[in-house]
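Consider the two complexes below, in which chain A is the common component and chain B and chain C are the respective partners.
Up next is the complex of A and B:
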């Protein structure tokens, strides 16, 4: 048991480094792809690494009226929470490091923490722009949580029904049994709806256009980040990058948990490498749809439209998905 | 301090101190697909706290003096100022107007001057290169 704990502790920095590198890499890919879609050439893929290095050497200003320890503490909290997400999700075919210690419900809370840290940091910075941004962020948090919670609860319900006896909120168990195989044709449509909703929640969760009302540079001067500079800004930048990978990995674990080594009948190290590469491909697809495509195609929404989109359309769609899955369960149980 | 890290990732804040909007349009033109300064890692940011370089346009009207000083002070160092357009250099068409306090370098230290009314996007990109050279020189010191 002790050895296990030591092993786990040793793996934490490795996973943190992996998350940071992947996050920054995907941020670079995101910027290049967005530029290409706008017929630009765009920055080199390693641009986020350069940005981060530059932010680290800049002066770190704390405004005079700010609550100093909150202002400085929140960026650290955001990064820590984003990295913690990665400890609870299966990455690149490996089981989550903290398997058995937390489940999807915990992940829902962990996903909230970086946004909450931004909100608190914004309020602590004593800038009116930051207060507006923080209030908007809270409103959008409330709105995207509802469809997200409905979707996650539907999946858990499906599991508790289809395979009684396993922990239905455990992400490792969900990843081990692909959801698509538990349902009939009607439920398939329901699951597809839930998948699309989680993809639509992703830009809200990681705060990109069209749901970045809280950080709108052009209207409220970057909102909650308005007073942040230097190291603190770099940490928020990092938290955002890591959280993108974290949320995408959750999506992959629920809906696309397939490995490729079985299909290619590979063994040993080859299988691990193939699965890791395949995971990167899945990550790329999810980030491409949930972040790049949406952000380039759609302009920023007003905060009222954000609430309407998530509470109205997304939640109704999520409830429809839930009903379809329930209907499917009844049909299957009825022997049809 | 390694100023070189700054070179490949200049974040710019755009400040209009009373310009006719001609120069501002040219700054935007430098960001469009034809010129695309994001190739060099340059991007516009929404707040002076995130900025490494201040793109200053206009002849500095009386009202804007205090604001310009504050925005400059709000930028975290190391920082650079790029003056875009004849206005900030000499007053240009607004020369000898009663409401001006410019030229801009009387108010804040200016690192690079980009003349033109308005300067072409190529000239603005050339100005950025001058900023790099200046920062590199400072880094060597």
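Up next is the complex of A and C:
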């Protein structure tokens, strides 16, 4: 058993490399698609890799009034937390690396850490723009956490009712027993609402338009990141890319856990390859809807509108989803 | 090694393994960071905070303004909460009794096992 844990820990750098490559690749795809939707040619898909390399050779400026260890430490923490998310999520048809050692509640907290690192880094910058950005990021976090928590708790409740005896917050167990098969028609509508809510939470979690009020380049000059440059900025760039893959993978594990190898009657290496490619396709669809489409279609919201959107509309929609799932459970129990 | 994990009926977590994983992820991040340029021109204008070409004000955002967006968006809700918190014990006991009635009603209707 000890050997298994050593193997799991030794695989962390490989998962990190996979997350970074996928994250940067999808960042490139995001930029190309966004450009095409705006009738621009856009950069090549490999542009994020070039951006990263360029940032690494640029000067790493630290403001003289900054709290240096916090300013330099937070980019490290953001990347590390984003990588750690991937350790607890099923990826490409494989079980999570840390299967059995962390559940959805842990993931909810891990998702917070990169944003908190941004906030602390912003406050440590000793910049008025960064302070305003950090303040907005805190408010955004408070806002999107509520519908996210309601949606996740709803899924766990459904799972605990349909599959008693299995840990209801276990992501691997939820992925192994697709939630769509646990409900009737009414619950299906409720689940669809929760799926859409999580898709709407995604741009808030990864800080893209319309929920990027904390950065708002044209208004507060990138907010929390205004004083960051060089390798520190490169790390935040990486953290954003990896977190996008992490959050999309959580969404896939909950709502789209299906593989394709069974349908195509594939076995062995072919089945693994087919499921991995199918996972990439699902990742593309989720990132396209949750990141590209929303940020191109909707302009930036004011911070008060962000709060109203998440605390108001999204939370009410999530509660409606939960109510429909509960109603479905009552109907099914009554034999309707 | 399930002894490492803290298990409940709803979930599980292995804090030591989490810390080990986070430490390795931190090492990966530090390795990436170490490949970058660590230098900049100390003692120059580079070190001043950017404020659109002006001197940045010394004072920072006060703590009471941290949640401005939240309070501004939920102004009516927070006003209601403030009005409910009157500071009079009688009012709090009154709310407590109402909550008890609601809970009892829910229990009687079979909503609470």
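Points worth noting:
Here is the rule we go by: the second predicted complex is superposed on the first by the 336 of 336 C-alpha atoms of A that agree within 3 Å, B and C clash if a C-alpha of one lies under 4 Å from a C-alpha of the other, contacts with A are read in each partner's own complex, and residues count from 1 in each chain.
Definition applied: a residue touches a chain if its C-beta (ideal position, glycine included) is under 8 Å from a C-beta of that chain, and two chains touch if they have at least 3 such contacts.
These figures come from a predicted structure and were not determined experimentally.
Once the two complexes are laid over each other on the shared chain, residue contacts for A:184 go to neither chain B nor chain C.
When both complexes are overlaid on chain A, the residue A:35 reaches chain B alone and has no touch with chain C. Touch criterion met: A:43 reaches chain B, while chain C stays clear of it.
In the superposition on chain A, A:16 contacts chain C only, with no contact to chain B. Ranking chain B and chain C by residues of chain A touched puts C first. Residue contacts after overlaying the shared chain place A:227 against chain B and chain C alike.
Looking at the shared chain after the overlay, A:54 reaches chain B, while chain C stays out of its contact range. Overlap of the chain B and chain C interfaces on chain A comprises residues 56-61, 129, 221, 226-227, 229-230.
Of all residues in chain B, only 1-3, 5-6, 8-9, 11, 32-33, 36, 38-41, 44-47, 49-50, 52, 74, 76-78 touch chain A in the complex they form. Listed in rising order, the residues of chain C touching chain A in the complex are 1-2, 4-5, 7-14, 17-18, 20-22, 24-26, 28-30, 32-33, 35-41, 46-52, 56-57, 60-61, 65-70, 72-74. Per the touch definition, chain A reaches chain B in the complex via residues 31, 35, 38-44, 47, 50-51, 53-54, 56-61, 129, 216-218, 220-222, 225-230, 233. Residue ranges of chain A in contact with chain C, taken from their complex: 1-2, 4-5, 8-9, 12-13, 16, 55-65, 75-77, 79-81, 83-84, 87, 98, 100-106, 125-132, 135-136, 138-139, 142-143, 156, 160, 167-170, 213, 221, 226-227, 229-232, 234-235, 238, 303-308, 311.
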